[in-house]
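Alright, structures below, take your time with them.
One chain, chain A, links the two complexes that follow: it is found with chain B in the first and with chain C in the second.
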Partner chain A sequence: MSATSTTPKWLLQHEVGLCPCACIGKRRKGGVIEKTTSGAAALLRQTLFSEDVAGERGLLQRLDPRVKVLSLLGLLVVTADLRHIPVLLGMYAGTLALAAASKLRLSFFVKRVWLFIPVFTGVVVLPATLNVVTHGDIVVPLGTWFGHHLGLTEQGLRSAGLVVTRVATSISLVVLLTISTPWAKLLAALRALRAPRLLILVLGMAYRYLFLLLNAVTDMYVARRARTVAGATDATSGRLLVAASAGALFGKAQTLAEEVHLAMVARGYAGDARSVTAFRMRLLDAAFVLACVAAAVAAVGVDRLLGR
Partner chain B sequence: MHIPDGYLSPETCGVFGAAMVPVWTTAGRRVRKIVKNRYVPLVALGAAYSFLVMMFNVPIPDGTTAHAVGAVLIAVLLGPWAAVVAVSIALLIQALFFGDGGVLALGANTFNMAFVMPMVGYGVYRTLSRNVSLTSPRRPIAAGMGAYVGLNAAAFCSAVELGLQPALFHSANGTPLYSPFHLAQSIPAMAFAHLTVAGGVEFALTAGVVAYLQRANLPLLRINHRAVPDTDAELAPPNRPPWRWALVGLATLVVLTPVGLRAPGGAFGEDALSDLPLHKYHLDAVPTGLRHYAGFWHNALFNGYGFDNGSHPTIGYLVSALVGIAVIGAVVFAGFTVVRRVRRGHDVDDDFETAPT
Partner chain C sequence: MTVSDADMPTADDALLIVEGASYSYLDRFPALDDVSMSVQSGEKVALLGANGCGKSTLLKVLAGLLFPDRGRYTAFAAHVTEDGLEDAQFARGFRSRVGVVFQNSEAQVFSPTVREEIAFGPLNMGLERDEIAERVDDSLAMLDILDLADRAPYQLSGGQKKRVAIASVLVMNPDVLLLDEPTATLDARTQDWLIDLLVELNAAGKTIVLATHDLNTLDRLADRCIVFSEDHRVATDGPTHRVLRDQDLLAAVNLVRAGSRSPRLAAGWPLPS
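Let's turn to the complex of A and B:
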């Protein structure tokens, strides 16, 4: 995909004419309808953006997808095994370098990973720094509470740091893989790596029809919104709406499944799947594999040297 | 409940990934046996539907919204094994294409949400909806309860997986290497969130969709309920008496009778005259009326639930319990017999009155 065919920004914006940081204009707390339609739009936006990035000609985009899947998953396993924050930070720096080499905007890449971490991991891990949860040597005393000493422990802080850096590195690796590979190539790579043929077929079809059904949901909700004169609906009618639309969607999915099956049979489908993609390993791929293996060996080696 | 990568040790991920392989094989075989070569489109659309159900915002009372998992809903609509496959693929798409939930943790996530949840939830649903017609109002409630229990079972499993990490994987000085919360912290935290808000959301969505399909599109419910009649009138009459559950409850109480032997003190407000704390209220004597009626009945068979002479208190207690049960049973049986006789007489009269002449 060339750079001229990227999705225009205004189409991707949440609400046209409203600053995304909510500094201009009034931001209403969205109801069920608004939230679901904007969720659907966000999903589409993310997909379109991924396809845009996958169309660039960076380092990761030029690699054989099989090589990419194997090496990034290998690094993921290595990351899960590391036990020292500095080593994990080194791995994270490596993912940043890969992102830069793949023509990803670093600000976007960092934001995508770290926006997720504070809301989930950060809040979840925060209480674990207290000595109430993680026993150990108190380094930051916070006074006493009902006669018990309260404070942040060295073990707790280190554990929180470990979890946060490991989650950040793992997410970065998966984002790098998914954002630099068009989904059809990712599926073909999984097939080439001996994933069951039926699984690939189902996965591909599920992904394709996902967007058709997503459109059906958006249509239902936009139509409902167009018919709604008053402001936000109350929770009870909102729940009725959600249940009815989920039920109607199931009907649509069933009809679609029957139609797709008939169309497949009409085209000669007899329960077997074939794939036509052939991949070729090149020098760049071999070099990348070597670099990944070297990085993994170095990370594990330093990690062991620092002690288990 | 999507566990991201980094919370679970690679060993844990490996164990759950390996545990899911036979589950997926069985599920794939069982679904394919039923739907033959319609398998691919049916399962694919089921997975796409499962993915979208997880996207639906369900309003909750405080004005915000929450998401449901929908695994029990799919188990009710398509059957539990189809739900295993569909939800697994939906989770795989989320992890692989959208970065939601871990790739290494996929085994654990699918174990919780695509195996434990639909299986437990569907079991509860089947138990509660036994002998219930397809359009009965009990069916959505049964589906909702199944979803509630299934979701909490899944949350419990993920709490155990997370809570085992600090005990199994820590460095020499006690630093937890993965999720830092112990079982005593992770289980209550997950249980609280899922017993209250998330469980309610799951109940509302599942019960709501089943109720909607009962109103609007009954054929869709028939996909997984082929042998179930549409209305209560077509139901086969139950071959067991409807009051059998009352008998089960009474039998449980009878078995529990000896527990009374362990109870300390006496029942509230049933003290003997000598045990009354009269001096506390500055009373010197027992009121005459009370004294008169307290000694009114002297002919009790088992005075104080024991033999008259007070020997063998345990045996006396049990014998008095048995005699009491027998007497009450005889009285109830006699009452029933009389009522049945009287009612049968009425029925005969009615038949005579309405009989064609």
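Let's turn to the complex of A and C:
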């Protein structure tokens, strides 16, 4: 028999140590790294790629994507120019109202937005609240340090609050736009608004690459779980695995991304984003633009009235 | 050994002509070595060879996705180069006449819905929206996947993905269909369906070039076989029945085991002549 000459003997015998009958072993919980990585991958995938929300029939979903892109980006510019926390809070409330009108679960929307905020602001804002950085009246004393009083200043806290509300409002606007518009339509709308073709090409590729990467992460954990016996996953092996497979992971995602690109080129893709459904402006779109302009004018007006 | 009988087509009036093409990935991994071949209009040609001999690479050259380091490729009497395909007019003509079905359907189905996936090619061709909608519906019906129209392609089974991939190529009505191991990973019934479809398309005048190492379906799928050796060269080029009978050659290129006979011959089935 030629088959047995190269097949190791152990492979041809039944494994004796494995009990076929019942679950009498110790239960294994996934390690911290495994949980965080696959959890983060799942969350990111849901945030970026779930089109459930985009498929609902809410206010934003019914708008012409071009109108939506222009109006929300317009509000974004206005938000960057506001200098008073109450006005910014008003704008933020406005985004919540839009979310509600677009059939988004509010808790879900708020959580998504606030999840990103520490990333953008934490590092910048926290030191700024200290009197060492922002001089002024100390409202929260933290004791002394080398003979100097240390504490959070009113001015520091106010500027931090300004940054946080501004960022929260901006992120809310961006999330509203991306979550209520299928990606293909968003690209097509940008293209229709004469965004450069190269930008669309790069955005499209980045999006596909990220999608494939997240899939690869998930697949890898599933494959690993299938191969893990008993308590073999402690934190160290988890870290080792992440380090070892990161390279393979990026390689796999990249190969597939390149193949996807070739398949698109073969069907005549040259970087233009086109949509199956023709964009059409309706009364609702005009009304929405008017409402946005009114909100922007009101916000800037009140902001100016409150002084510089 | 090369078969060059009088019944073999001459290269002059061929649709696709590859002359002396060599290609290496990253200048280090050879995939094609001095390959010459041609395809006549209306032919069914199989590229035959063991894993890694360069079939997929040659298909990508034929599809104008890779460009040989040496040698030249002529399609529809025009020289195909990377620069040439930068020209929007030429690219549009070439891409609409040559359709490719990749081996990995995963790579070919990416749009949010099956309907959008199938509309992708025609949209790029700049067809009118009404015509696109009509063609997409016809393609969905033809491949019996109307019920999948609004599903996300990545949620489908392997066989369903393959159908979507084929529909997304057929919807552009190409003259030439290039297929990379089309029947691999499909179950028996889906394989039969696909073979019938390809035969029908060929009868309707489509030129078909496919890569495979599956000898069982060959007599139905190909009039002619181009066999690759493991050193990335053309070992032989001739009518399917003649190639299948040459057991020494098939063993030499690692398509059948030395000393065994190809399954169809072993079973004593009649050969087409």
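Criterion: the second predicted complex is superposed on the first by the 173 of 308 C-alpha atoms of A that agree within 3 Å, B and C clash if a C-alpha of one lies under 4 Å from a C-alpha of the other, contacts with A are read in each partner's own complex, and residues count from 1 in each chain.
One rule holds in what follows: a residue touches a chain if its C-beta (ideal position, glycine included) is under 8 Å from a C-beta of that chain, and two chains touch if they have at least 3 such contacts.
Keep in mind the model is a prediction, meaning the values are calculated, not measured.
Undergrad: Comparing chain B against chain C, which has contacts with more of the residues in chain A?
TA: Counted on chain A, the partner with more touching residues turns out to be B.
Undergrad: Does chain B (first) or chain C (second) touch A:Tyr269, or do both, or does neither?
TA: After superposing on A, A:Tyr269 lies in contact with both chain B and chain C.
Undergrad: Quick one: is A:Arg304 in contact with chain B, with chain C, with both, or with neither? Answer first, second, both or neither.
TA: In the superposition, A:Arg304 contacts neither chain B nor chain C.
Undergrad: Of the partners chain B and chain C, which touch A:Ala278 in the superposed model: first, second, both, neither?
TA: second
Undergrad: Answer with first, second, both or neither: which of chain B and chain C does A:Ala184 touch in the superposed model?
TA: In the superposition, A:Ala184 touches chain C alone.
Undergrad: Quick one: classify A:Leu256 as touching chain B (first), chain C (second), both or neither.
TA: both
Undergrad: Just checking: does A:Arg105 make contact with chain B only, chain C only, both, or neither of them? Give me first, second, both or neither.
TA: Neither partner.
Undergrad: So in the superposed three-chain picture, is A:His149 touching just chain B, just chain C, both, or none of them (first/second/both/neither)?
TA: neither
Undergrad: In the superposed arrangement, what residues of chain A touch both chain B and chain C?
TA: The answer is residues 183, 256, 260, 264-265, 269-270 of chain A.
Undergrad: Using the touch definition from the top, list the residues of chain C that touch chain A in their complex.
TA: Counting only chain C, the residues touching chain A are 60, 63-65, 88, 91-92, 95-96, 98-100, 102, 104, 106-108, 110-112, 115-116, 119-121, 123-125, 129, 132-133, 168-169, 172.
Undergrad: What part of chain B is in contact with chain A in the complex they form?
TA: Touch residues, chain B against chain A: 4-10, 13, 28, 36-49, 51-53, 55-61, 63, 65, 70, 73, 77, 85, 89-90, 92-93, 95-99, 102-104, 166, 171-182, 185, 204-205, 207-209, 211-213, 216-217, 220, 223.
Undergrad: Which of the residues in chain A end up touching chain B in this complex?
TA: Its residues touching chain B are 29, 31-32, 35-36, 39-40, 43, 46-47, 50, 73, 76-77, 79-81, 83, 120-121, 125, 127-128, 133-136, 154-156, 158-160, 162-163, 166-167, 169-171, 174-175, 178, 183, 186, 198-199, 201-207, 209-210, 213-214, 217, 235, 238-240, 242-251, 253-254, 256-258, 260-261, 264-265, 269-271, 273, 307-308.
Undergrad: Looking at the complex, which residues from chain A come into contact with chain C?
TA: 51, 182-184, 208, 256, 259-260, 262-270, 272, 274-276, 278
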